[in-house]
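Let me give you the structure first, and then I'll get to my questions.
Naming follows writing order (A, B, C, D, E and F), and every chain is counted from residue 1.
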Amino acid sequence: MCLAIPVKVVEVGAGDTAIVDLGGVKKEISLALLSDVNVGDYVILHVGYALTKLDPEEAERTLALFAELNEAGTVEGTAAS
Amino acid sequence: MCLAIPVKVVEVGAGDTAIVDLGGVKKEISLALLSDVNVGDYVILHVGYALTKLDPEEAERTLALFAELNEAGTVEGTAAS
Amino acid sequence: MSEAKRGYVRPLDLKHGRVDLTHGSGGRSMVQLISELFAKHLGNEYLGQGNDGAVLPAPTLEGRAGRLVMSTDCHVVSPLFFPGGDIGCLSVHGTVNDVAVMGATPLYLAAGFVLEEGFPLADLARIVESMAHAAAEAGVPVVTGDTKVVERGKGDGVFITTTGVGILPDGLELGGARARPGDAVIISGSMGDHGVAIMSKRENLSFDAPIESDTVALNGLIAAMLATGADLRCLRDPTRGGLAATLNEIAGQSGVGVMLHEKAIPVKPVVSAACEFLGLDPLYVANEGKLIAICAPADADRLLAAMRAHPLGREASRIGEVIVDDHHFVQLTTAFGGKRIVDWLAGDQLPRIC
Amino acid sequence: MSEAKRGYVRPLDLKHGRVDLTHGSGGRSMVQLISELFAKHLGNEYLGQGNDGAVLPAPTLEGRAGRLVMSTDCHVVSPLFFPGGDIGCLSVHGTVNDVAVMGATPLYLAAGFVLEEGFPLADLARIVESMAHAAAEAGVPVVTGDTKVVERGKGDGVFITTTGVGILPDGLELGGARARPGDAVIISGSMGDHGVAIMSKRENLSFDAPIESDTVALNGLIAAMLATGADLRCLRDPTRGGLAATLNEIAGQSGVGVMLHEKAIPVKPVVSAACEFLGLDPLYVANEGKLIAICAPADADRLLAAMRAHPLGREASRIGEVIVDDHHFVQLTTAFGGKRIVDWLAGDQLPRIC
Amino acid sequence: MKYIDEFRDGELAKNLALSIGAEVQPGRSYSFMEFCGGHTHAISRYGLSDLLPPAVRMVHGPGCPVCVLPIGRVDMAIDLALNHGVILCTYGDTLRIPASDGLSLMKAKARGGDIRMVYSTLDALQIARDNPQREVVFFAIGFETTTPPTAVAIQQADKENLSNFSVICCHVLTPSAISNILESPEVRQWGTVPLDGFIGPAHVSTVIGSRPYEFFAEEYRKPVVIAGFEPLDVMQAILMLVRQVNEGRAEVENEFSRAVSRDGNLKAQDRVAEVFELRREFEWRGLSVVPYSALKIRRQYAAFDAERKFKLDYRSVPDNKACECGAILRGVKKPQDCKLFGTVCTPENPIGSCMVSSEGACAAHYSYGRYKDMH
Amino acid sequence: MKYIDEFRDGELAKNLALSIGAEVQPGRSYSFMEFCGGHTHAISRYGLSDLLPPAVRMVHGPGCPVCVLPIGRVDMAIDLALNHGVILCTYGDTLRIPASDGLSLMKAKARGGDIRMVYSTLDALQIARDNPQREVVFFAIGFETTTPPTAVAIQQADKENLSNFSVICCHVLTPSAISNILESPEVRQWGTVPLDGFIGPAHVSTVIGSRPYEFFAEEYRKPVVIAGFEPLDVMQAILMLVRQVNEGRAEVENEFSRAVSRDGNLKAQDRVAEVFELRREFEWRGLSVVPYSALKIRRQYAAFDAERKFKLDYRSVPDNKACECGAILRGVKKPQDCKLFGTVCTPENPIGSCMVSSEGACAAHYSYGRYKDMH
């Protein structure tokens, strides 16, 4: 539910609007629900509105979690069967 | 100007309307401009309204005029040159 | 679609259903519309191939060499159903006739449908059935097709574009540029039936006329005409713009004039009457089942006899002749005894009050 | 029309003029539109014949026997002008491609126009010029046509139905029913470019994507592919419904399954991104300049090499294989490592929020 | 078709032609104006001039409502359609009249105006009933024949309280136009031709009767024959005019006695009088401003007067300078005297209004008679 | 695409799969409900179940706004479009939801309803500005994520005095739905399954934060992991849930720490609170009537409440009897347990709402996972 994507703010406009970029696609969105947005920030976009900012450090941390090797890291085949 | 045609009344309806016939084509028209119209009458129709009745006897008389031979009736060629 | 997948789909609601945007989206609804409606009625071995186009036997002429003839027409008639026909059969007849008047034997038809969102499936089924019937009667199968759906308000129920392909034997040359002074001008029947039948059902003109469209496929009649061996210069079906537009076209292409004789031009009384009502001239009203033949004068009687022997040419009439005229006018000796030009239609053929 | 009559007519106002109902009425305005706009740009010896259809040289194959291929498509794209093309060139490419993917050499095109009253003549001229350019580039002339005008609000600017005829040599059999387990599935380039380019210009979706439609004629690429002698089973252009619809169609026709490998399917980053914005799947988005080839596995590499050597196949990729599957599913091993069905599109491909 | 076909009989035409030929006096020439476009049309359509002796010359008059409608009036209708969002209802005849800025109602429709062709004022009323949320304006043109149906419509709208219905009244009067041709100061500017008599329009007289012409016949010593629109009617009228001229009479005669009386249709006249009153002046295309030559809607029905309702100002627009419509409508020139005829001005691209209606002198000559100049 | 592609990395997936496989305790089974359709979609779309050990079973929950929207609410929207002549604006997702009389919004559009797909409430406002003479109604669906944009639109319409704009509010609340699954009296009717934990929807929590889940975790002793919608997020959440179960913990953990905080977006919460208040009860498709599970528009903004403005009455319409959506939404049954699945009920002809949205359990299984039943 609630299709939302992280997009990069490339321009903050008048009247609570911003231009965001995702992979080269640009779109005007509303910042009515979020304060203190700056160019360069990543925000989570849903139905044309920025819902929240994305914290790059937390994202790195989470990615790092995925890469943590489990103890049975060298054992094969149990997972993908 | 004022395309108008003689049509035969085949039905007198409610609300100042009539059905007229011309060569098998039927159409509803208005009698708002004409009184005492009866089935069988011919009327002159213009933009959906009967303007006047047609007098069959006068029509015959006029046709008869066309057929009147002129004095030079036997002379040919003067007219159609 | 294989049986395995077809089983999942409930049949189209041909009674109350309507075309919606999913019917044009390239998904299963579209496949279903095509298989349950188009393929069902129009089906033949070619249409059934289910590829991007139809593969068709190369046309043959029993050993004679020949050329292809190709013609296309968009059909946008309103109303879609009219006395004597509907857009379905009309779209078959129109293109079969355009190929046939080239002297060719029509072989294959393609049909493209632009459907308006909201169009009743029941009406669509009637139209497709009527097409199928017309195609079968003309002996020309619909071998490939396409369907698109446009949003409500961006179409008008249904538009059908048909394209025909036929084969024309080498040596047979017909064309609007081939009329020569002295040639006979012949028409196969009465003028204006189709246009008046259509107008009689237009909402804003409401009149009632016992007239049916003449829409019909003329390839049979034309085959009979060609079989006479008469020296035909040109055949043409006087559709949009009627006899007047078609003869002006030919006169211009051939660089000749045409002299017509009003008395010889058959017009049904009811067509005349409807034209009186509307201030129109039957010579400008469309036909969909008639043809004009321009023919060497020596062969005119023979051709006329063959036409009259065919059910679609019973009222064929020699209506005039090709003349020398640097201005390429079509003229008419009126039944009344005068002469006038029968010019191109200016603007639209609109009902007049003055 | 002869010079004598042409002199009377002032030229079309191609700057400020608009289509009105007289342009479809069969009178001089229509003749003028055809001669000053359509004939001017599309003109060739066949279109210039000016008869009810075009007489065309019978297709030859340097002595080899062949069959005809015929295909038709209605084009109703909105907007009419989009990055990388317009309805004019699209209507040429679409039909050239449908004929070409049958293995045939496209020879002739017919074009039918349904114009909406009020459509700017300047836009129409741009569209017809673009058609002419596309037809010249593809080497397939528009040999016959038709124009109708519908009232404002009963059309959508312009619809173009094109029909193509081509010649297919005997012995070459391509078709959706010919895929066999083990066959390689190849596509000629990236998926979804056309559909995203169109959507990027839809008013209600306003986003800005540096992407152009891939619309192009593929007959050249296909000729190069056929020249390899590879054992091709089927070619098809994944238009409406995209790769997903086309492969489901083929799977159903052939009674097989298909296994795709997501990693091998080229999708441009900007297309992926636009699909993320809209909640769409690029595998369902339309293409207008790509083809799918199903090919005997032994010949796949050779075919792929030939495709990559052609400018329109540089990004060609082997994306999967035909498998045995009684349910005729198209499946995909995801880049992530899982497996899923790539089913028919249900309903319309609509932007989603959830 | 009864009462039509009999009046188109080619055999009787020959007979009438012989009669006319026999009556025409050697060395004498006869110029008659057929006031009405309907007669112009009949003459062209049936090739009547081929049947008349060269001594008889027919002059086309200004009796075509389309031809005399000035550009400014069409501009008004276009303005309503394009800028006021109304549904503009109009007879088919007006759709192609050239207006300002290269527009016409047909082209305004292509530009998005909601312009609908109607066959009758009844249809316009129905459109108003069917679209209560829209303003529906009927663009009323025509002479006395066409005026009563407009009066009926306005009274009906009043009765039904159809407050979204209104009318641009452009109804004009036949007698004023004829007077103008015979005596207006502009005659000097345009020159004049000797007219030996008039054919009066039968359908106008079904409403107004023959009486209004008695004034001209007496005042200007011009014979008038009120005639039907079938070709035999026209020929008979010519015969009657030739006879009057020969006999030195200047009377009003009625060839259309089958439907025209001296008094006309009093009921129709009453309805017109109830709804309309004389305009002080009205611009006619080709005739310039003619005093008391048109009708306007009475104050009582002001709510149905589109000019008042939408505060429309009439702005006179000069015709193309090269257009000779004015002189042609007065019978001073012929279409082929106009430099634009058949080259720049054609029925597809009419410059003047006489090229619009097939009843217009230029259009009739272009479509039906052009070959005579060529051969 | 930054912050997207990294979270779809197949190599890392293998690693996570190994970790999960290693954590799963032999002989033990793990049933987790992914509450949200977005997770359902990710699981199907990326073929996640192929990567999970058989001991882990994912149960699809009711977190798809389309799936839980009852027929009666769609009927309301259709009624407005067909019988009140409004312009009905709606997200594309709702167009195919089956309603009464064989209709859907898509089919109502085909029958003449002026129904327009919008991407954002901003578009709906613009349509209202562009059509001042028409009533424009926005059909608002969605959970907490989608509610703030509706609140913004209503406040903006209020500010601009856009009196032709109104909203059918169908916004529902995630926590109420989860409570209902865990404790409502209907559980007896439908039966229940042992759920060992929940994956909580990240995007809902961007707004409401993670705090609202703390109640469940404590009260029902169920672990909750709030997770993003990329496939690695889901796998990581599963790993975290398996660990909690193994360790006997029942905590709220936040896998989506990159955008979810404990408190959420307070500004968005404020705007929602200004415009909306709790409904006493609301019918959910499949869950029946759930108390305090949805929002309605406050009296202060009554002018923008389409239910009040058009005096719409909600009429509950029973689902097709054979449809098992209710049980499926609660995790009691699987799509393939429904007799209609894949035969009568398909994405083209959905019978129940779970077959409409591609996030619906039935549709996801049909479109992405069906082959598993077949082979």
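Just a few scattered comments:
As a convention for this text, a contact is a pair of C-beta atoms (placed from the backbone, for glycine too) under 8 Å apart; a residue touches a chain by one contact, two chains touch by 3 or more.
Remember, predicted model here, so these are calculated numbers, not experimental data.
The minimum number of touch steps separating subunit A from subunit C is 2. Shared contact partners of subunit A and subunit B are absent. If you compare D-E with B-E, the chain pair joined by more contacting C-beta pairs is B-E. Centroid analysis (C-alpha atoms only) places B farthest from subunit A.
For the pair subunit C and subunit D, the distance between C-alpha centroids works out to 28 Å.
Each chain gets a centre from the mean of its Cα atoms; for subunit B and subunit D, those two points are 61 Å apart.
With centres set at the average Cα position, the gap from subunit C to subunit F is 55 Å.
Note: centroid distance subunit E to subunit F, computed from Cα atoms, is 71 Å. With touch defined as above, residues shared between interfaces to two or more other chains in subunit C number as follows: 21-22, 27-29, 269, 272-273, 276, 326-327, 337, 346-348, 352-354.
The set of subunit A residues touching two or more other chains comprises 1-3, 5, 22-23, 46-47, 80. Along subunit F, residues 1, 4, 9, 14, 17, 37-38, 50-51, 64-65, 91, 96, 106, 119, 123, 142, 146, 346-348, 359 each make contact with two or more other chains. In this structure, the chains touch in the following pairs: A-D, A-F, B-C, B-E, C-D, C-E, C-F, D-E, D-F.
Subunit E meets subunit B in the complex at residues 1-4, 6-7, 9, 12, 14-23, 36-38, 50-54, 63-65, 91, 119-123, 142-143, 145-146, 148-149, 152, 201, 203-204, 206-207, 229, 232-233, 235-236, 255-260, 264-265, 267-268, 271, 359. By the touch rule above, subunit F contacts subunit C in their complex via residues 96, 102, 106-107, 109-112, 342-344, 346-349.
Of all the residues in subunit E, the ones that touch subunit C in their complex are 1, 4, 8-10, 13-14, 17, 37-38, 44-51, 64-66, 91-93, 95-96, 106, 116-119, 123, 142, 146, 231, 346-348, 357-359, 363, 366-371, 374. Of all residues in subunit B, only 1-3, 5, 22-28, 46-47, 80 touch subunit C in the complex they form. Of all the residues in subunit C, the ones that touch subunit F in their complex are 7-10, 13, 16, 18-22, 27-29, 32, 117-118, 152.
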